[in-house]
Structures are given as structure tokens and as C-alpha cells.
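Letters are used for the chains, namely A, B, C and D, taken in the order the chains are written, and counting of residues starts over at 1 for each.
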Amino acid sequence: MDAVVIDSLEPLVDELRSRGYAVVGPVVRERVIRFEEIASADRLARGWTDVQEPGRYRLAEGAGEMVFSFAASPDSAKSYTQPPRQTLFRMRGEQIEEAEEDAPRVALLGVRACDLAAIAVQDRVFLGGRHPDPAYLRRRRALLLVAVNCAVPGGTCFCVSMHTGPRATTGFDLALTELAAPHRFVVETGSERGEQIVAALPRRPASAEDLAASAEVSRDAAEHMGRHVETEGIQERLSAHDSPRWTQVGARCLTCTNCTMVCPTCFCTTVEDATSFTDGTAERIERWDSCFTLDFSEVNGTPVRGSNAGRYRQWLTHKFSTWIDQFGMSGCVGCGRCITWCPVGIDVTEELANLP
Amino acid sequence: MTHKTVRIGALTRVEGEGALVVHARDGRITGLELRIYEPPRFFEAMLRGRGHTEPPDITARICGICPVAYQMSACQAIEAACGAEVTGPLRDLRLLLYYGEWIESHALHVYLLHAPDFLGYDSGVAMAADRRDLVERGLELKKAGNELITAIGGRPIHPVNVKVGGFYRVPARRELAPAAERLRRARDHALATVAWVAGFDFPDVEHDYRFLALRHPGEYAILSGTVVTGDGYGPVSGFEVARWPDHVIEEQVPHSTALHARLDGATGYLTGPLARYALNSARLSPLAREAAAAAGLGRVCRNPYRGIVVRAVEILHACDEALRLLDGYAEPERPCVPVEPRPGVGHGASEAPRGTLYHRYRLDDGGLVAEADIVPPTAQNQARIEADLRDLLAPRLTLPEDELAGLCEKAIRNHDPCISCSAHFLDFRVNRG
Amino acid sequence: MVDRAPRLAVWKFASCDGCQLTFLDCEDELLSVAARVEIAYFLEASSAPGPGPYDLSLVEGSITTPEDLERIRHVRRVSKRLVTIGACATAGGIQALRDFADVKEFAAVVYARPDYIATLDRSTPVAAHVPVDFELRGCPPDRHQLLEVISAFLAGRRPVVPAHSVCVECKARGNACVMVAHGTPCLGPVTQAGCGALCPTFNRGCYGCFGPMESPNHASLNHWMRGLGMSTPELVRIYRTYHATTEPFRRAAEEAQESGEEE
Amino acid sequence: MIGGPHPMTPALYRVRSRRPDRVDTVTLTLEPLRGECPPFHPGQFTMLYAPGVGEIAVSISGRARSGGYTQTIRAVGAVSAALCGKRPGDVVGVRGPYGQGWGLRAAAGLDVVVAAGGLGLAPLRPLVRALLGDRCGRISVIVGSRAPDLLLYPGDLARWTRQGADVRVIVDHPDHAWRGPVGLVTRLIDRIVFEPRRTYAFVCGPEAMMRDTAAELVRRGVAPGRVELSLERNMKCAVARCGHCQFGPLFVCEDGPVLRYDRVAPMLAVPEL
């Protein structure tokens, strides 16, 4: 289907809801742009923008009617593709039953190109190996992705370096480009599901000017990346295991795990066991874990990576180097979340630039 | 010449650690010591040099049973010192939090600590073996209180959301909805509780108490008010909380880590449910007033054993009032009012479940606490509890010792003494002298 | 071997009673627990203390008097497993602030006749005196963690009480970092998880009531929090509350003092 | 197409028999409640789940005549202790077998050195059995044990000797009855006969022991590409999704646990990798 133009998001939100999707979109909550379920397009973070730098995020007033004038939110699609906590199975007596947690239909409205790239990374991790995860697949299928092409990259963004953005080219059901004067959205479709939805909306074909303006948005965004990473030779640079740089960053790193928790591709988990007082049911739970905890690498009572430097090195080398060995793609999509949300402002791009 | 010593090595089913020693000679009590051996924790001393924002969190740690009471008295004392006042919807939210603590604390005492005395069990858990339905009802009530505190304060013990000036974040209406739902059921449980405990077999005892409680023009005072005292028959006299030090003086007794309080020179006054009821029963919610009447409480209750009925009535009042506030709840516009520290003295008092809890702080030029003074209810009641015990024992000294010990423990539990609280108060003026 | 219910004891030392109350606050589980274990000694809840030995002792409170020093040794002798609960029992609690002062002066401030008061110079955790099998942190401990310790004990497993930072729970709960988004100083990154990241959920910085996490980097955090406007005395005070005498928080306060002098 | 059970859901097995090996170590024979035991390669492991307690990685130490797996577990913590406490008839969960086993075929026609430290003998046991079954070259088995009474599988060791292997044992802490050598397992390399340039080696034990043994063999001329080690890392999933066992670019669970020394030697030299 050719690109179309819609003037308002209201019919889109309504259409998605009428198809049984919970629509999750950007709203302002506690002075941060968050993704949460909305009942109507009114709730969206219209007129807000954000200012992001290492270790600092501030909400700010944006351009009047524009709905998507901000960069990455602390929320990514990860909470939907891989919930922070899931029950794996329950065992009672000699019976074991898988906890088929239901996968509600969710439409994510406002995901960015980097987020789509992150979902592709997760697809590779959870579905592309020898032991694909049926629960992940269920959730993934229940997810409808309405992407928005970035207009205002944040101070910590570097998707251009990672070749993941700023324009959404694949992996979405719908992709919107928000245009001003007059306020409108160019809509591209990326799936049959997407086409059916567009077919139900009031729309008009996109004109050549609409398309040119849409392309201009992405060109402009690409020129305003807050950060840059030199990916050429990155694996070689990251093989400098004994660089003094690791000790320096280790002295700053809190080993708090925030970077891994907000990263849309970090997939590490651990398991917990629970037993009930009443009926003796045993339960196994999988939850997010992080390579920054000591337990993570514990063998025979001692962590393999005891120092902060060792743990930071593991995270950075995995993201940008060994991930490529393991999955044939980089683990970083350049969203900048780990930089903004590191409580002490450690900047992966700076660390990478400072390696020999 | 006959000697007799009654000893209770460790009081049970009270909060904190205490013991009782009674000496008698020739049928006369020669010594009676309610010993509080709760180790001293020196809160007033530790508070010196802390920031003006800190006492609510720090003093909460005096008592895990009534942390909200400490937080409320501390906040109000500091706000008074800084010339700030919390009013309107923010004050309502404080009241709601406090009602939660009342429900939780009273339900704990009524069901798990006190009722077993009347029904002949060693504990609430033992009682559950025969009367699981009752204990479950009590636990549900308690849970309703805890959920309300949790929704507003984050957790029931040492809530994290209380701040000098108000709160860190005010809950949205929808966040309070589950607690409100549970409270509706709790109110029915509370009604049933009043009827249930009213039917207990009470010894026929009455004491001429001198009562002390807060009084508020529009409320059955919990959060704030002026101090009133009286005997329940005659007129009351009153004073502003800021005049507390002129009226209440503490003194140290050798057998205890707690101090005894004197009101206008006389020892042995009573604060807590009986006092509140005697002085303020007209301000109970209509539902609670009706239930009290049906339970035969009258306008004043001087029988300490019936304290359990008054507590049940107060649970009902708290549920009822909390629901009224919840139904009218609109999210306050801002979570707190600004409180700028300035040098000066502030006093604050509120009604902890066990009675009036008074705080006083002096802030220095840097906004730090220079002096702190805390008078918890059990310290005020200790002399009166000892008097109750003398009255109880004097005519019964011929009874076997273990029987006497049992009677004493019950008489002490009537007052729900919170011994954790009582081990740390002082009056600076006394000690400085 | 006869299968009998494990015997549980709950002991109190210098404390606010909150940790024991946490147990009674498990309204939904209390009666099920009581059905699985024999609550043999629990003065606050029962006037029928059963004699030892006990399979599991939960100990609340810190050691502050000469008698308590004796009593904790007794508790250890009569307990197969001894689990300390709460900041007082695991770290000395708020009353350990006396360690930074002169306890005699403290007593003189509070009591007219300090000579009546028998107390030790320091408030110490239980583990300073007897071996402890497990320490459950928190002022107060989290209800779910307390139940987890009891049920892990019954199931013979290692309790799920991770030693990582509050941030892990904060992010799993879906909070945005209050330090990054609001500039609110927060001890979450150096504090052990367990509470469910309560304070940040209420828009407040963590004040460290679960004590230091497994590898706290206070120097880096202090530096950052100074940038957010905290003064040296404020930094010192925030570490000197409920876990003041734990080695990491003691050092954190000292580090703040030292780096404050440099500036 | 993706379907079927979740990769983290175990199959249920019943403990068929239990043999205490030494004070803290037990060998269990496990049979599935339904269906058959999947085939395994020597060196592979399973994830054993003690219901309500936890799940740990345990090597397969052999196949019982009945067809079940035998697995040897040392009680070092809660989960291993719970598994050691299982009795015949009890039910446990099993996932696997997982991982890359020993390069049995690569050793064909060569002298073989098998070096084990402590419990490291468990995954080597099915290997030695297989080697003895289908080849006739020189086979040396050198075993280090902390103390004589902690030695695993003494019956197997004797049988292997009878079957023609050169089996030698060394201990750290001898008792009065011990007449054999004392020290680290590397000392035994002197005593065995092998042609370094035509030798293949299989090593399993504590990491330091493996590093030293491999280095010593290489020093004597064994090609680093002909030395295999079985690495141990923290494992929660064994299917390359939990991230715990990463070792540089490797997932020890899927790319290992058996890895060639030429590949891992540089990584083993990096602290905290």
C-alpha cells in the first residue's frame, strides 16, 4: 500500500482499540515521558520534549501541537517482549505444569527505529538459536508496532553510528512521520495487519510534498545525532582487555545495573524458586538479571568478575563486540538509554572512543 | 510476718520488654515496680544535629507498632517551629494514613493480644485453632489498616512517604481504590467486633481516672487538637500543645529505663482509648456512637477491662471516617507545602493508638535539631498502670502467686502498653538543671 | 525419625518491635505458617513460651546491655539456626549512632540519673557476638522476604534475598530513576534491594534502610550527589542512620568528610 | 515451527538408584517418568532440578544398564545437597543433555591422556569407557584427589587398569595407609608414557588444575589444538539465554563445556573474563 496521510491520531487509537489491542503510547508521568496504556489520543505527551545528557533527563516544553518531539523514553519494548518477571512453571507432587502466561494484544504506538532494531536483536536471541522460546513468540505475535520516525534525536542518541536509524525501514506494522504546518502524519505500512488498519482510517494519499517532507525529517534527524561511535575496528579495540581505561571507568561505575535494565537488548535473566506454605507448590520464576551483580558470575562461591572494572568490561565488550560473535549483529542499537539513565553519567560512546 | 513476692519475669503479649515485681508484707503491698527493661536507645540525644527533615523517619524507629504516630507528631512539631501548617486535602491524607495505623494497631491488640485473655487462650494463634473465623476476621481488619497505610505510605511499618510539610508523592484516586474496597468490608467486621467484645465477661472494676487527651473542634481528635484533661464527670480544663512543658513533667524512677510523667504536679493520669472516649465520645462518627451505645459503654468508661470495647469502637470510627475521606478524596494539587527551617521551638502532639504522643524540637540557626523531647503515651500511663495493679492486688494477696501473676498481666494488657516507646523520653529542662 | 513441626522462636533485643510485627503483618500467611511450624517462643504474641531447643530462631534488635550479651549467647545455644532480622540485629540499628558519640553523654541528655542506666558503649549486631546463619536486612525487613526466609528454611533452599542494588528492583518495577529525572539524591545504587524500591516509587530518594549492597561504590555516588547539591554534613548524615556502623556506610561517611575537606 | 515445551521446563525423572560415593558425593541413576532417556555424548551435562530448591548443571557420568543416566553430585550448597538427599522413587526434573562433549573422534589413532581433578572424573568416566571400548592405542588416566578416601569410582579405575589403561592416582593429603604419590596431578605427567606429537588429551577439574595440566602437556609438545578442557561457569539456563556462562564470545553451555585449549588459552589468561 502506498503511503497515506492522516490528520489525527484519534481514529488510529480508536481503531486499534476496537481491534482488541491495548494501546500503549507516550504520556507524561512524574516529569518523564513514559509508555503506558492510553484510552485515547488526548493522553499522549503532546507539546512536550526532553533534554537528555549523560546521567540527566529533563522534561521540557516542546513545539505546541507536535506529539512526538522527544527522543527515547526510559521504556522500551523489552517490558512487553520480555517481562521483568515471569513464572516458568509450577510443580505439585509429580505434576509439572507450564505457566502459559497469556500474551495480551498490545499496540506500541511511538516506537523508534532503534527500538525496532532492538526487537530484531531479541528475536535473534530468543527465536534464532537452538532452543526457541514459545512464550516469547506468543508475546511477540501479540505485539503490533506503530513506529514513529524520529524528528528530534536526543543528546545521547547515536543510531546513525549503529546503522539502526533514524528512519524505520523494516520490522513495523505502521510507521508514522509527524509533519508540521499543517499538522499531519505520513503513514507507511509494513505488514498486512498494518494495511488493514490503515484501510479503516480516514486518510488521503500522500502527495509528493508530503513524502519529501517526511524524508527531510529523517535527513535532518540524522544530522543531529547527540553522539557518535566509530564502529570500524570496534572488535579489535575491545580486545584490549588490559587497558587502564577499564580501571578508570570501574572507579566511577556503581555496579548498579541501571544501564542493563534500561537497555532494550540486554536479555540476561536469573531464576528464583518459591514454595508455597499452604499446598507445597513449587514455582520457578525467571527475572531480569544483570552482568553487574556479583551472583551473576559466581562459581563455587566466588564471582568470576569481582571487580567493577571486570564487570563494566564484560558489559561493554559484550554489547559492542562479542555479541557480534554470538549473534552476528551488534548488541547495541544506539538508543542512548544507558547513557542517560546511568546515575553517574557514564557514557558508552566516550568509553569506546577512549579505548586505544 | 509473711513475705510474698510476685514476679512476672517477662510480660507477654505487650509490645516491647517489661517485667513486674511486687513485694508484700503482712498483707500489705510494700513495693510495686512495673519494670521497663527495654534497653535505652537515646533517641533524643541522637536527634541533635540532624536536619529538620529527619525526625519523622528517625523517630518512627522508636516504635514499629505506631510509627505513623511518631511521624505525625514529629512533622507537626517541626512545622510549628518553622511556621508552616498542613491543611485541607493534605491534612486529610495524613488523617487517612493515621486511621490506617489505628485500625492496624487496635486490631492487633484486640484480636491477637487482648481477646485471648477473655477467652482463655495463650495467644491469637492458639485461639485460631478453635475460632479460626474470629482470628481471620481480626487479621482481615488488620490487613485493611495495613493496606491503607501501604497505599499512602508505601509500607505499614516505617512508611516512607511522610515528609515534613506533607508527602513526597500523593496517591492517585485509583491507587487508593483497592484499600477503600477492603475498608468497606472492614467496617462490617468492625461493627461485628464491637458486638463481639461487648459480650465478654468483664470484672466489675472502676477507677477514678484523671484523663488526658487531645480535643479537636470538628473531629474525634487523632491528628491534632488542644490538650484537655478531666475526670469524665466534671468540667474539663485544657491547654495548647505548646504549653505542654508547663503542665507535664517527667521524672526518673530507678527501676525503669522509662520515666514517669506528672500532670500539674500529680502522678497517675491516663491517656489512651478510655481517656479519648471519656473526653470526646460525642465526636465519634454516628455509626461508632450507635455501636458504643449498643455495647453499653455509656458516656464515660472507667473500667479498664472494657478498654477492649472502646478500642473496637475506635476501629469502627476509623473505618467509617477513613471511608468518608476516601469517598471524597481528590488528589491534592501538590504533595507538600514548603517548610523553610528557621531557629525556634515547635511542639506537636497527636493521638497514638495508645494515647497522646508529644514531641518538641528546638531548631538552631542552621536548621538543625538542637534539642528534642519526646513523651510517649506509655510513659505517661506507667504510674497509673501501677496504681491499677495496687488496687487489683491489695484485696487479693492471699491468692496463689501464679494466679496473681496472671491477673496482673491481664490488668497490664488492658492498657496495651507499648514498652518499646516508653524507653526514651526526657525533659531537657529537668536534666539541665 | 518422628516428623514433627519445626519449632520457631522469635527474640527481641534493643529495637522498635517492627521486625516482629512484620511477622504478624503477614495476615494472609500467618495461620498457614502457624500450621507448618510450631511457634514455640514469641513473647509479643503468646503467653505460653515453650522451652528450647528451637529449629529456627528469628532475632530482632541489637546488643546494647551486658544482660543482652549473655542472653544472645543463650539464644544461640538453644537454636539450630539463627536468623537475624532487621537493621538493629544485622547492623546495630539507629541506636548504633552512639558509637560515634560518648554514650555517657547520651545517657546524661536523656536521663536525670544516668547511673541507673546500664548500657554498653556500643550497639552491636548479633553477628558480632555469635555465629549467625542468615541475615535479613531492612528497617523493617520486607514482609515477603521474611516469609521467603521461613519458607526457604522449610524447603532447605537458599533464600532468594539478592544482595544487588535497589536499582534492579526499581527498574523491574518500571520506575524512572529519580536521580536522573528529578535530580533527587538517592542511595539506591549503594543499597541492597529487598524493599521493592519503595522510596523511588514515591518520588523520594532511597535513604539506605536496607544497608549496603554487595559492592557499593560510595565515592563515585558521593561525587555525583555533591553535584546534585548535597553538602558534606548532609552526605555524612544520610549514611549515618540505620546502618551507620556497617563497614561500607561507615567508610562512605568518612569519604564524604574527607572529600569535603579537600574542596 | 516453534512450539512444544518451553526450553526452561524440565522433564520429570525418577531416581532409580542411589549410590553414596564418598562423604559428600552421591551417584544417582535417573530414568524418565515417560519415554526414553535421550542419547548423550560423553562430556555433556544436564540441568537437574530439585523441586522447590533449585536447578544446577551436572555432568552425565554414565549410562546405566537400564538406560538411565548416572550422575554424580557433590553436596556443596543447597541444590546439590537436596539432590544428594534424593532417594530411590523420588522425582527430580531434568533438562538436556546439553553442550559439546569430548572430541572422541579427533583422538582416534592417537595416544590419549585423560587427566582428572576431583569431581572432574565424572564427565570423563563415560569418555574413558568409550575409549576403552573402541580403540587400542595407549590410554593413560591420571587422577588427582584431595585425599585417598575422596577418590571417586575406585571400582572403575581398577577395571580400566585391567582393560589396559595406565591408571595413576595422586593425592594432596595422604592418610597412613596411602603408599602412592603425593602432590598435584601434573606430577603424574612424568610417570606416564605418551608420544607428545601423537597425543590427544582430555582434562577436567578445577580451573587452575586444568590450566596447569594443559600448559604442562603443551610444554612437552602436545599440540594445543589436541588438548580439551571442560570449563565450569555459572549456569542458569544451559540454552544460551540467561547470559551467565559467557566466556568472551562463548556461551560455555552451548559452545562448551568442552573446549579446545588452543581456543581458550588466551582467554583463560585474562583475569575476570
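FYI, a residue touches a chain if its C-beta (ideal position, glycine included) is under 8 Å from a C-beta of that chain, and two chains touch if they have at least 3 such contacts.
A quick map from chain label to UniProt name: A = Sulfite reductase subunit A; B = Ni/Fe hydrogenase subunit alpha.
Note that this is a predicted model, so its numbers are computed, not measured.
**Q** By number of C-beta pairs in contact, which chain pair leads?
**A** Looking across every pairing, the one with the most contacts is B-C.
**Q** In whole angstrom, what separates the CA-based centres of chain A and chain D?
**A** Between these chains, centre-to-centre, one finds 40 Å.
**Q** When the centre of a chain is set as the mean of its C-alpha atoms, what distance in Å lies between chain A and chain B?
**A** About 51 Å, centre to centre.
**Q** Return the distance between the CA-based centres of chain B and chain D, expressed in whole Å.
**A** Distance between chain centres, rounded to whole Å: 65 Å.
**Q** Whole-Å distance, chain A centre to chain C centre, using C-alpha means?
**A** Chain centres of chain A and chain C, defined by C-alpha means, are spaced 37 Å apart.
**Q** Where does chain A touch two or more other chains at once, residue-wise?
**A** Correct list: 30, 273, 275, 282, 289, 295.
**Q** Can you list every residue of chain C that touches 2 or more other chains, as numbers and ranges?
**A** 155, 157, 203
**Q** Give the residues of chain D that touch two or more other chains, as numbers and ranges in rising order.
**A** Only 52-54, 77 qualify.
**Q** By the document's touch rule, what are all the touching chain pairs in this structure?
**A** Once each pair is checked, the touching ones are A-C, A-D, B-C, C-D.
**Q** Quick check on the complex: what are the chain D residues that touch chain A?
**A** Touching chain A: residues 2-10, 12, 33, 49, 51-55, 76-77, 91, 93, 232-234, 236-237, 239-244, 246, 248-249, 251, 254, 270-273 of chain D.
**Q** Quick one: in the complex, what on chain A touches chain D?
**A** 88-89, 91, 94, 96, 98, 125-127, 129-135, 137, 241-242, 267-271, 273, 275, 280, 282, 284, 286, 289, 291, 295-301, 304-307, 309-310, 313-314, 317-318, 321-322, 325-326
**Q** How about chain D: which of its residues touch chain C in the complex?
**A** Residues in contact with chain C: 52-54, 77-79, 81-82.
**Q** In the complex, go through chain C and note every residue touching chain B.
**A** Counting only chain C, the residues touching chain B are 12-22, 24-25, 27-28, 30-31, 34, 39, 42-49, 61, 64-65, 67-68, 93-95, 97-98, 101, 103, 105-113, 116-117, 119, 139-140, 142, 195, 198-199, 201-204, 207, 209, 234, 237, 241-242.
**Q** Can you check the complex and tell me which residues of chain A touch chain C?
**A** Interface residues on chain A, with respect to chain C: 30-32, 34, 55-59, 74-75, 79, 84-85, 251-258, 261-262, 272-278, 282, 287-290, 292-295, 308, 340-345.
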